[in-house]
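My questions all concern the structure below.
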């Protein structure tokens, strides 16, 4: 067994161990902490699978916004675990359920083990048409050109999720503000971090969006990092989240899908198809769309984490 | 060299993970948070080592992203575990 | 055993684990964690497919990678909406249970 | 020349790995949260620092090297902040009970 | 012409984005302005289909599959798109009173109108998509529209219903996604057309199709996976319930149809379609009997949806050509989709009527429906007509569908499905008869205290929908669909036609008397047993076991197919 195999196996065992912990742990907080650790380990797995774009996404989402979301929820729901303890199915049912789940796992494992290597792929097709998109990163080409509709619809999902979260507000708080209040004289380590980190984060995010055209990276990963920077400023109470009725916020939220849609419709006129880019302008247009998508993502994710507005704006 | 780097990555990962698994069980949430912090640092180290060994392009950016967000879980924990701060801040605001 | 196969098997195991958590665990937050594990297991299956599709100078087939990125975004949105719903349910009803007929007022 | 650099890398990384082990042992062995916290932050920062130091000569470009240093600095910042916050939280709790 | 396919999904989505950006009282205006446009696009696509040879294709971005994504319209898409456009427009008219455009933006109106547009875009994507992963994204769009609609009232019980729905629907999506991945891994494409040429009867196909189908069944709330549906559909505001019950559940059903009839028609085998049909039959019987046992009108309507969804799945066994071993996209499938369209129009109207009755009476307790004929005559009439449309008088779409189903059952020698259809008609009649009896009873108390006034537009919108459903059978279907034989509508006044309507009503009456809820009387043991089973199936553990059990059964059925 070579060293790399040993590494892969220990990584897989670790991932599974933390995942099992997440399921079996008695305490909800411990389970959530386990899940955050799990997210980190999984991004290592993605690097080992040579899927760096995915690893970046997993890292940005998993250890940033998802961690904040789940940990705060677990802390707020402290003590509710005991109340549902009576709803556990009996031991026999649990064993049966575990057995049935194992059947599913076994079926999938059998599929994995019989999968041909090399397997079916669209990589040659993507390589052949990559030049037409003027991009160097094939994943970005798939997301922004070959399967642009899915990406556009995914941005609509994000937009709808924001509406869904907002629509849970109490009627009186509509148009109001979510999340922690601003403190006037907040000092200490957290405020220090929240002042130092965002400039660095913004540079890194811009870098990731920009190189996304040719190297691993892209709008979502960059946007998620920007979102995390905004989150830390809000969590440190240096700034308050904007009121959801604010026009600028609304425009920032729809900018991504709207600009994507507009550029797509422009394709009718200048490139003979919806979501097509005219030759020679493909890359600039894609980067243009990505900038607005990054903005929308950077604004949407904190809105999703902060939850529905809980007080009217003053 | 490659083998060495990979071995080091595995070693670092395993040591921090053993710490993690031991501490996840308790005693307190503070310890759990610390364990995740340690795993985060160890994970970044392992990632850098693996990237150097296998030459995966762009892996440093993943490490950079993880490093930027390294404090988030702990900050979220401390922030939401101390609700009295919230009230103080609210009062200070008025 | 190669890295992709190992990741695929891990994915298969995660699917089972997540399914168990989602179906059996009574607490909604834990169900949500189960859903996330399940989703992540499915993504790993995509990962092995991508890796086995390495060709034309790409270390992995870009199409499944793009789909995983889309999937991760959607899964995050779903998690956020679930958490928001759960916290609102907790506020409004004082409990975080999915059992029907709890607290339903039968005004007859 | 090359071997000298490689030896440097090996030594630095080994030292870094040792610090990681020390941090984990500290996490397992020390009696209370506050001492565990100190052991942990010291150990893992030195550990990561040494590993970054060891990898620097292996970096293929200046930007790559800069990124490595940036990673270390960011982790330093994060763990210093977290150490402070957790210590505060612990003190808070200590006063409360 | 083909660009209309793009517009049909872009227009509602652009409307939603625009409404969000502008906000305030413009939200409902933008939504209402979009409706005639969307309706026109849907009709234009349906009309253009025949001249174009039955299908329209649009390559997005000019990239052709398998690398790119194509939109495809055929008669199934056109039928569902026109239905959706009609239902959404009617719901829009209906909802104007409930979700007014005030001077200041309100939470309910803002969310409702944007979600209404979004659901339209999502459904059109489902109907037009030719790609399995695009299906996944549009399924998720549907979830993110449906869940906020369920929770719109914000009461604890609707929040709980929404959360249950969300978690179960997410489970369904993930299972679907897993299958998609496996198919891609095996055949290197997600395009329906390309995939259908490459797919083979291998274990990986069986596993993938099983996961996808079970996931979609969970989202369609096919019996026994309906744990989320009654509370979710009954707890939402009337206009939202109409969207959910009439349209959203049809989206995932449509994908099952695409998967089975267009991706793998030759690999279905015999056992798997029979299993799907059996679940459908279970839904019809179980859902209808439970509808009889409900105390609230909206819950009754929700259980009726559980039952009606069952009919759609009868298309699978009935479309099977046993000799060729293929699912044929012929008259049984047409029957299934016409049934879906009839149910969509009738059920939307029924939920609207239930909503109006709630407003007029201040409650929707079935036991206290007496006097509703005087308090809310139009609403009561709409409800009655919608119920009749579901039973299926000779001019209705349901009758047309039933005729095709019966004919298919005859020609494929599967008499047991005709039995199911007859039983279904009887059961539907039973709960309708029970409601009529309650409604005709004298009002037992003084005038209801918190009664409101139904806006004038609302009954009109609902009535229009009911008429659509009632007259759907009269459309010149054979001129437009690949129907081998024209179905002749019998004279509605002929003795045969009357008898076919009367005998289910008579038997239904007896059944209603036996199984319905009555005061001061012990219910039958079987009724109690049913209620217990229902209660268990609406709990997570039982639903989980059903899901896992079904997965394994379907998987085995597909694996054993030669």
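Letters are used for the chains, namely A, B, C, D and E, taken in the order the chains are written, and counting of residues starts over at 1 for each.
We adopt the following convention: a residue touches a chain if its C-beta (ideal position, glycine included) is under 8 Å from a C-beta of that chain, and two chains touch if they have at least 3 such contacts.
Predicted, not measured: the structure shown is a model, and the values here were computed from it.
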Partner chains that chain B and chain D have in common: A
Central chain of the complex, centres being mean CA coordinates: C
Label of the chain whose CA centroid is most distant from the centroid of chain C: D
Taking each chain's C-alpha mean as its centre, the one farthest from chain A: E
Most heavily contacting chain pair (counted by C-beta pairs in contact): A-C
Length of the line joining the C-alpha centres of chain A and chain B, rounded to whole Å: 18
Centre-to-centre distance between chain C and chain A (centres being mean Cα positions), rounded to whole Å: 13
Computed distance of Cα centres, chain E from chain C, in Å: 27
Two or more partner chains touched - positions in chain A: 4, 48, 50, 53, 76, 87, 89, 93, 97, 101, 104, 108, 111, 115, 119-122, 126, 146-147, 150, 154, 157, 161, 164, 168, 190, 193, 197, 200
Touching two or more other chains - residues of chain E: 67, 133, 137, 140, 144, 147, 151, 154, 159, 178, 182, 184-185, 188, 540-541, 544, 548
Overlap residues in chain C, where contacts from two or more other chains coincide: 15, 19, 23-24, 26, 32, 45, 48-49, 52-53, 59, 63, 67, 70, 74, 77-78, 81, 85-86, 88, 97, 99
Chain-chain contacts as defined at top: A-B, A-C, A-D, A-E, B-D, C-E
Chain A residues touching chain D - in the complex, by the definition given at the top: 188-190, 192-193, 196-197, 200
Of chain C, residues touching chain E in the complex: 15, 19, 22-24, 26, 28, 31-32, 35, 38-39, 42, 45-46, 48-49, 52-53, 63-64, 67, 70-71, 74, 77-78, 81-82, 85-86, 88-89, 92-93, 97-104, 106-108
Interface residues, chain D side, partner chain B - complex: 6, 9-10, 13-14, 16-17, 20-21, 23-24, 27-28, 33, 36-37, 40, 44-45, 47-48, 51-52, 55, 58, 64, 67-68, 70-72, 74-75, 77-79, 81-82, 85-86, 88-90, 92
Chain E to chain A touching residues, read off their complex: 3, 6, 10, 13-14, 16-18, 20-21, 23, 58-63, 66-69, 105-108, 110-111, 114-115, 118, 121, 125, 133-134, 137-138, 140-141, 144-145, 147-148, 151-152, 154, 159, 178, 182, 184-189, 203-204, 207, 540-541, 544-545, 548-549, 551-552, 555
Residues of chain B that touch chain D when the two form their complex: 1, 4-5, 8, 11-12, 15-16, 18-19, 22-23, 28, 30-31, 33-35, 37-38, 40-42, 44-45, 48-49, 52, 60-61, 63-64, 67-68, 70-71, 74-75, 78, 81-82
